[in-house]
Amino acid sequence: MRITRRETFNAAHRLFRPDWDDQKNLEVFGKCSNPNWHGHNYTLYVTVEGDVSPETGFVLNLKALSKIIGTFVLEKLDHKNINTEVDFMQGKLASTENLAIGIWEQIEGPIMDMNARLYCVKVVETEKNFVEYFGK
Amino acid sequence: MRITRRETFNAAHRLFRPDWDDQKNLEVFGKCSNPNWHGHNYTLYVTVEGDVSPETGFVLNLKALSKIIGTFVLEKLDHKNINTEVDFMQGKLASTENLAIGIWEQIEGPIMDMNARLYCVKVVETEKNFVEYFGK
Amino acid sequence: MRITRRETFNAAHRLFRPDWDDQKNLEVFGKCSNPNWHGHNYTLYVTVEGDVSPETGFVLNLKALSKIIGTFVLEKLDHKNINTEVDFMQGKLASTENLAIGIWEQIEGPIMDMNARLYCVKVVETEKNFVEYFGK
Amino acid sequence: MRITRRETFNAAHRLFRPDWDDQKNLEVFGKCSNPNWHGHNYTLYVTVEGDVSPETGFVLNLKALSKIIGTFVLEKLDHKNINTEVDFMQGKLASTENLAIGIWEQIEGPIMDMNARLYCVKVVETEKNFVEYFGK
Amino acid sequence: MRITRRETFNAAHRLFRPDWDDQKNLEVFGKCSNPNWHGHNYTLYVTVEGDVSPETGFVLNLKALSKIIGTFVLEKLDHKNINTEVDFMQGKLASTENLAIGIWEQIEGPIMDMNARLYCVKVVETEKNFVEYFGK
Amino acid sequence: MRITRRETFNAAHRLFRPDWDDQKNLEVFGKCSNPNWHGHNYTLYVTVEGDVSPETGFVLNLKALSKIIGTFVLEKLDHKNINTEVDFMQGKLASTENLAIGIWEQIEGPIMDMNARLYCVKVVETEKNFVEYFGK
């Protein structure tokens, strides 16, 4: 059984490599490399896998899951600049893929502490693209 | 190849255990334990897996699948009280997880009779959470 | 300029008149008259009209509007039984139309106190129907 | 008859007044005043009013309307920083209200040149709020 | 008070004038003039305006409205070719604008017979464009 | 890691077998066998699986993926008649299942040429049904 929680946040970011010049960044990352930033309303789906507890009928309590996501993800990302302000994204390219991996690493442990298993982190960047990360 | 049918129903329910007092139910289930009921517009996705028939180009005829869901699920759940009126939920906690399992057990046989294999029952309770059940 | 805030709540209700018997209620209200209740995820859109403040660039502060809706509407309706638990719906038929009027009467005054004008209360009951109330 | 075109863009912005200190900006604009920017996927609905041409069956050719929005709005806003890079937003608070007014002023003339009348500019900032501007 | 019913249908169509050659049709109507047809999932919103009946709490019974739309619109349009099979579109350009007018003329009378007033017919052709017709 | 691109197209089609008479086609395919065609707004989700490149932070460049889908799928399908105009659907039943297989075969090679692996082609035909194809 899998259960999924949907959360939203918005943030600014920029795709670029500091070791490339503006021209090279523009070629590879297009408009997303704009030095003055742009941003998105991100939608996050966190899917957890486990057995249904006979005591509660739940895989896990969604309020607890929501609190984990709030503490370890949303407080760090919502209304922030992903490149400059988010500790777990420092030194990484601010792509949606890396964001999904970073979010996974933030919440995998706390979810394990609840005796559940993180199955998938899905990050929707725009209505035209999203990524799904299932761990290593 | 997988094919999915989407259906909707709405129902009242309440999360609580009769062997717990109101205080304990409130602690575990929060507002969802309200003794006077609350309700949802549920969205149901039934996914069936199989080969494409060379005769029809279909995995299975969606009209037949829709009829199975109508007879075995929607007629029993739509505009009903899940706790008190739905035969296949009697004696169970009315969680979304248990609802997905109950729906799976209702339709697995009839779908098998159509030479197809039920792959997933997904139940969306609110825009913030859903569950997916893939069978035992 | 109009600005709209979207909120959600879920609740149980039943359409029936106590002065009609079950048969008459069933004829007029159909499945919605089920004596054991059913429920919905309601979506609420509150639209306020006003001039843009040169000081803030806002018609009104959405956080304040959200707080008004939370206090006067959501705390009373969310996870409740509209027929039996919601003070401003007592003695009324629990139709979406009457719900929209009731919500309007709850928030018109507090919004006026913020020097803005309530323009529309829209209540979406299912993906197939919604109502809009613009005041008397 | 009204016809509406939907377009999307994403951008970074920040709500703040340079004549207020950070504390005052935080009090009024909350997280939206973050000095390091945040951003959104904006959805834009442009509604035009007019008679149906007996020659084409159209109020106006949507391809021409889409081109106007592309040239006068999207090229200036998409993947940009609203506060620092968008000419028609210079010296204004970067609120959704002011953005709608700015967009209106950009396209009202070109639409009039097509013998149609701009009726409404709707800007959706997040799934919880949007504004509609109908001109002076 | 306004109440809206949402319905869906899908149909094939083609934008062209028989008195223009293919080249002229292509210039004005673009890909929509393809002689071999194309098609859409249309979404229809019918909005009716009226007072709330003290007897039922309804502006009008949605089941009756749905039946009117089914009989006078969906049975004629769903899974049809708008240009060649729909009686009320004969001799007209199959634009979304003309479709909205045609639907209005089909249902205005029957809705009036229910003592309600048709307020708006909205037809969504794609996720990028829709029209709204409010009558003459 | 999986990354998904969403695209849309609209097309006309008809479900029927030339070796069956109209009556037999109607029995099996229902309204979808209408000889005068009907159509849909199709939504296409192409999911690609791969490792995240340390150089770009991407599984693959979405602009390149979008170009592949544009060239090998959308140019052939958008605003077309699936039965009569689409080369890769000739001689096949125009079901959503066969469409997904046809699209897979169109893009699997070009995606492999980008050192990525096509994981899933999902085709949404209406808001009530979709198919997912994962290759042989």
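Which chain is which? They are A, B, C, D, E and F, in the order written, and residues in each are numbered from 1.
The rule is short, and it goes like this: a residue touches a chain if its C-beta (ideal position, glycine included) is under 8 Å from a C-beta of that chain, and two chains touch if they have at least 3 such contacts.
Fair warning: this is a prediction, and the values are worked out from it, not measured in the lab.
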Quiz item: What's the overlap between the neighbours of chain D and those of chain E?
Solution: C
Quiz item: In the chain contact graph, what is the shortest path length, in steps, from chain D to chain F?
Solution: 2
Quiz item: Comparing centres built from CA atoms, which chain ends up most distant from chain C?
Solution: F
Self-check item: Label of the chain whose CA centroid is most distant from the centroid of chain E
Solution: A
Quiz item: So what angle, to the nearest 5 degrees, turns chain A so that its CA atoms land on those of chain B?
Solution: 120
Quiz prompt | Classification of the chain C:chain D interface as same or different, half of numbers criterion | solution = different
Exercise. Count the C-beta pairs in contact for A-D and for B-F, then report the pair with the higher count.
Key: A-D
Quiz item: Among the chain pairs A-B, B-C or A-D, which one reproduces the interface of D-E, with more than half of its contact pairs identical by residue number?
Solution: A-B
Quiz item: Distance from the CA centroid of chain A to that of chain E, rounded to the nearest Å?
Solution: 42
Quiz item: If you average the CA atoms of chain E and of chain F, how many Å lie between those two points?
Solution: 28
Exercise. Two or more other chains in contact with one residue: find those residues in chain C.
Key: 127
Quiz item: What pairs of chains are touching here?
Solution: A-B, A-D, A-F, B-C, B-F, C-D, C-E, D-E, E-F
Quiz item: Contact residues on chain F for chain A in the complex?
Solution: 1-7, 47, 52, 56-59, 61-63
Quiz item: Where on chain D does chain A make contact in their complex?
Solution: 8, 10-13, 31-32, 34, 36-41, 78-81, 84-85, 126-127
Quiz item: Any idea which chain A residues touch chain F in the complex?
Solution: 15, 28-30, 92-98, 100-101, 127-134
